[in-house]
Amino acid sequence: MEPLSWPMIFAKMAVQFWPVWAALVATVVLSLQFRRRLGLYGKLFDSTVGMTGFVIVMFWVFTAIFADMIITYDPIAQLSGLKNALPGTPVEGTGQWYLLGGDHLARDVFSRVVMGARRVLTIAPAATVIAFMVGITLGLPAGYFGGRLDTGLSFIANLVLAFPVILLFYLLVTPEIRSTGVPIALAAVLFLFPVIFVSVLLNSRFFTTPAKRNLYVGVSLAIGLWAYSGLAFNADPTGIWSMDPNLLNVFVSVVFVNAPTVFRIVRGIVMDLKSRDYVAAGQTRGEGAWYIMLWEILPNARGPLIVDFCLRIGYTTILLGTLGFFGLGVSPESPDWGSTIDDGRRLLSIYPHPAVVPALALMSLVLGLNLLADGLREESMRD
Amino acid sequence: MTDWDPSKPILEIENLSISFFTRAREIPAVMDFSCTVMPGESMGLVGESGCGKSTVALAVMRDLGKNGRIVSGSIRFKGRDLTHMTEEELRHIRGSEIAMIYQEPMASLNPAMRVGDQLAEVPMIHQGMNRADALKLARQIIADVRLPDPDRILRAYPHQLSGGQQQRIVIAMALMAKPALLILDEPTTALDVTVEAGIVDLVKDLGTKYGTSMLFISHNLGLILDVCDRLCVMYSGEAVETGNVIEVFDKMRHPYTQALFRSIPLPGADKNSSPLIAIPGNFPLPHERPKGCNFGPRCDYFRDGLCNAGDIPMAPVPDHDRHATRCLRWKDIDWDAPPKVGKVTEKLPRGRLVLKMEDLKKYYAVSAGAFGGGAEKVVKANESLSFEAHENETLAIVGESGCGKSTFAKVLMGLETATSGSIMLFDENVQDTPIQARNTDTVSKLQMVFQNPFDTLNPSMTVGRQIIRALEIFQKGTSDADRSDMMLNLLDMVKLPRAFAERMPRQLSGGQKQRVGIARAFAGGAKVVVADEPVSALDVSVQAAVTDLLMDIQRENHTTLLFISHDLSIVRYLSDRVMVMYLGHVVELGTTDQVFAPPYHPYTEALLSAVPIADTRVKKRRIVLEGDIPSAMNPPPGCPFQTRCRWKPKVPGNLCDTVLPPVQVLAGGHQIKCHLSREELAGMEPVISIAAD
Amino acid sequence: MLPFLLRRVGVMILTALTLSFVVFSLTNLAPNLEKLARTEGSVRMSDEAVDSWIINNGHGGLMITRYGQWLGVVPGWTRTDDKGVTRGRCIQGAVTAEDAPRFCGILQGDWGTSTVFREPVAKTVTDKLASTGWLMLWVMLVMVPVSLIIGVMSGMREGSRTDRVLSTFAIATTATPEYVSGVILVVIFASATTGISPILAEWGWISGRTLFLGTATSAIDQITFWNFALPVMTIALYGIGYIARMTRASMTEVMTQQYIRTARLKGVAFHQVIVKHALRNALIAPFTVIMLQFPWLLNGVVIVETLFNYKGFGWTLVQAAGNNDIQLLLACSVVAVFVVLVTQLISDVGYVFLNPRIRLS
């Protein structure tokens, strides 16, 4: 078989991505149809920038979801003779190609990048969500009460922020530290915040009707603590919630790096919003502090927080890539983009494709997230 | 500019239409607007927010922003059409021929530039003056706007000056090039009344001194009467009536102007015998204007098929001085007919004692300096406050910024605890009980209505949900369905449609939001309601309706209303007793009649004189206070008012400088905190007199 | 102003102590020491031997006392073994037990010895810092003016075509981390097989095989445009986008302020409005951002020095971490944290200084 020409490679790839196209078209058509009823999400489609970003992000989201249908080869299978194969090289005897060539271990670059999307798009948003929960749960009282609590928490946040990220990773993400149990301790602290957050959120709202409160808080505590035991201590008897120690280490470190920034943002917004009259109205009718923070202030901080959430997923993706680039914490088999770039850069000036493809993938995802955030910011500022 | 003859109008706006263009549609902001300003004349533009008066001013400056565009019409300044000028030509006119003064003095000065440089810039650009001469001129103009110590001010940054001083600087900047036309856009709205009076005086004097023509934009009819020769009333993008100030005030020929005057509290209005008449309905949104007369749907004289048939032109009123009205029926209307009197109500008897404050003090410790260093300072926000309030009574608390009225509200509500003194609420001592420690019953009985309608409701919760939450927290109702019914009843009570329960606050107008705020405050059957300037941010026509609503609910529930305000007109209209505060002290306390008639506390006297009243019959003695309100951080020794008091020489020795005056109790329990002797007090003359009709 | 400064410095010292203790603890964890024992002693040591090696070399005892010794506020350890030879923290080289100083921590200027480079840590760090200093200098020289110009140009007329083009560029660069832009730049400009170099070589415009050099190793000895441009651009690009967006945001906000309208309606020409009225106010925020960029710049330095094999501070940090060189890693961390804290201080003080509203109140 002949090697494929570039137009043919793109054509083949486009065909391979068909579930993504289908899902994208469906999403965009439906959203455009109902955009007037969809609030801020709907308004996003009024802005070219935001819509471009949204489409790029959704492209990768759908790629992650349908990765199994898109890949052409097992991302960790090594086929002999295809080491550093150029894009479009045929695989003998199968009638198939290595669409984007092979890497230095003769694995299919195309399939690895597609599978990498799945990995990146599960870790980055999840880590960002946890970081937000931590940042919000601590930032709200710091901004609302001020005083010593604020001074103390801000000092701790500034400590973490004064660490150059890369240094923190070199100290926190190492096999040695894993054996000391530091990551598990960190996870035990950090993963507790979502449980606290949800319980307090529901309790403050429903404490006036105890029956409802008991049900909601009980259910969320049960699920929360179940997941908590599995994720932080790997002690879930059913085995549904568990995390590989390598991954836990990486995950916890990324949360740890992001949470202080979220804390600062939330604190700043709360300090601004707490002087509003509706907050005073809540206080004068005797609402609890947590109700005011979580139900009166937080919903009104959602604009800047959603924007930052998008930016932060991008930032987390970059951080994960950095970790991969330095070979920290992730297993060598992992198809995640950072490690793939690291693998590829050794022969960069001779065989650029194994590094360039994941680099472009990562760049486009982060670009998409940034554009989306920009669009959201612009739209949320209008009226 | 040579071909312009000083007998011609200096500014001539003809059939001006301005639109703003958004992504979705074109929104007309001003339609078919015409007006003429003669040299030396001052023209008032009056109307409610959103009527387009500021847009007209910006159009004259040709500064409508990216989205705004002049669609048709012309603006001729000294005979030259501004609408066709290039940027470069405009630049030569701006600042040198036409200057503008804005609402927010702090925002209109560059925070990073010294005042002197900002002033000197004007002649340096327009007359090519060198910097030294320009600064010399600046110094002279600063003296002209009556600012003390011009040399220090030249070197100061804007934030080092007080609000009143900043506004004087803005005025000085506008006068640097001796412009022919001065545009003032609500120049005193952000200032306190006593400071406002000084600025208004200054503007009038300077106008005469330099012969400058003025375009004075304001929502305050009293101010217009004070400052202007002619005025133009605007409604929803159109000029509805224009003419000589006296004629328009006394012989108005447009139903909107008439309705506007009937909805503002003038001397003589009374909440029981002659209540205000609110304008029904709402201001139309720019893209939802009705066909024909914009005021039609709210007009008493509306006639179907005539008023909503087509565009209505301005019609001149004969035998009047350039008086015109945009009304088709002005000849049919009997303008002298007395207003249909609204429901007259009986004054409710004063009930039992519900609130008693004794010698309440609230001090704050603040760290001096921005960097947290330095010694701690004590701010005495409230100093020995004593008063009582009864059921059915409206007690007004009057004062300007920094007088401690908001702190007082916070302490009463339990958001802060008092430093010393006692507060008796019903039969309970609450001075040391923060709100968290009060029981639900106490909390629900004492509620508050807030000032800013845009802030009072949580923007991300439906109206119904916010009221239901109040019911939940006050433990009203037994089930969700029950509370939902109660919520709908509350909406009925504040005269809002039940459909509003599902709306978000942003879909409501300012007045409607304020109504929801009132409903929420009364959700727990409040007995004492603190209303912190509940109507000051609303348009005049809406103010009357919201005030009426408050009064109605008070009558039904036998509520005690503590009405905090700086607006003496509304206070006079609705309150039974008045407490005047200055720098944390109660300086005067008495019934409304006692406070509004001599003997006055010197501060009350100045305050009464400063409030502009939109009534040509009213004659006022002009008392302008020197200087600004001292900072609460650094109050003067002795009497708090001594720095600005005109009666100080009448007090022997340096009593005012050293000793805090005692409270003198005069006839009828009227209390005045002043060193003046009883004879001096008795000899005071009224500030306001109403000329006989 | 002075009390403010003293307080800031106080907080900074407290932060530095806390952070250095954290770093000390994290680098002196038991597994790290064990690894150190096996590399310094012998790989086949028994567990007991490892333990005694650790204790004999002063790595036993409480973390806080060891930290105190390292810092130089607790007397250095000494231990006399069975043979009567006294060894100790401060007894090294020609110094004998008798005339050894009591304290020998970083406060006394003793940073220990690097196990990788076999030389005093202080020397390694200063050498490498100097190399990185050059890199940072060039990055700053490129990054700051370019980003400010882009930010101001796009912010002064929001929504214009210039704004759209520049903003898109800025967003694109912030979306491209150093390890991505580095890879792409090398592929385009410094690869013998792809990008523009083969074409240029074919046309005979360049004498070598590639236009730029793919490594910056030679820049340690002599910096040239061809060996330094790519690393500098790689670091600068990411920062340019970020700072430009901050500047733009600040500039657009200032342009909507009333005082800009005042200036415009005073008859000030547009370029004068920008230069005299807007810039001063608009540049306060980016100044802080530029200073706070340093932690991230350090990140870029580590990545770029690794990618381009430039043996500077970042490269040293990677070597120290990868080879369990505890003393060196500690020193690198302390220097890094110190740089960050100092820039934060400068940023705070500068902010106050630039903003008369705060300075004079």
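Lettered A, B and C in written order, each chain numbered from 1.
Just so it is clear, a contact is a pair of C-beta atoms (placed from the backbone, for glycine too) under 8 Å apart; a residue touches a chain by one contact, two chains touch by 3 or more.
Note that this is a predicted model, so its numbers are computed, not measured.
Peer 1: Farthest chain from subunit B, going by mean C-alpha coordinates, please.
Peer 2: Farthest by centroid: C.
Peer 1: Count the C-beta contact pairs for A-C and for A-B, then tell me which is higher.
Peer 2: Higher contact count goes to A-C.
Peer 1: How far is the middle of subunit B from the middle of subunit C, if each middle is the mean of its Cα atoms, in Å?
Peer 2: About 55 Å, centre to centre.
Peer 1: Can you check how far apart subunit A and subunit C are, centre to centre, with Cα atoms defining each centre and the answer in Å?
Peer 2: Between these chains, centre-to-centre, one finds 26 Å.
Peer 1: Compute the distance, rounded to whole Å, between the mean C-alpha positions of subunit A and subunit B.
Peer 2: Chain centres of subunit A and subunit B, defined by C-alpha means, are spaced 50 Å apart.
Peer 1: Quick check on the complex: what are the subunit B residues that touch subunit A?
Peer 2: Answer in residue numbers: 23, 413-415, 435-436, 438, 440, 443-444, 447-448, 450-452, 455-461, 470, 472-475, 517, 520, 524.
Peer 1: Write out the stretch or stretches of subunit C touching subunit A in their complex.
Peer 2: Of all residues in subunit C, those touching subunit A are 11, 15, 18-19, 22-23, 26-27, 29-32, 35, 171-172, 174-177, 179-180, 183-184, 186-187, 190-194, 210, 214, 295-296, 298-299, 302-303, 306-307, 314, 317-318, 321, 329, 332-333, 336-337, 340-341, 344.
Peer 1: Which residues of subunit C touch subunit B in the complex?
Peer 2: For subunit C paired with subunit B, touching residues are 1, 3-4, 7, 159, 257-259, 261-270, 276-277, 280-281, 352, 355-358, 360-361.
Peer 1: How about subunit B: which of its residues touch subunit C in the complex?
Peer 2: 61, 63, 66, 87, 91-96, 99-100, 102, 104, 107-113, 121-122, 125-126, 157, 159-160, 170, 173, 369-374
Peer 1: Mind pulling up the subunit A residues that touch subunit C in the complex?
Peer 2: The contact residues of subunit A facing subunit C are 155, 158-159, 161-167, 170-172, 174-177, 179-180, 182, 314, 318, 321-322, 325-326, 338, 341-342, 344-345, 348-350, 352, 355-356, 359-360, 362-363, 366-367, 369-371, 374.
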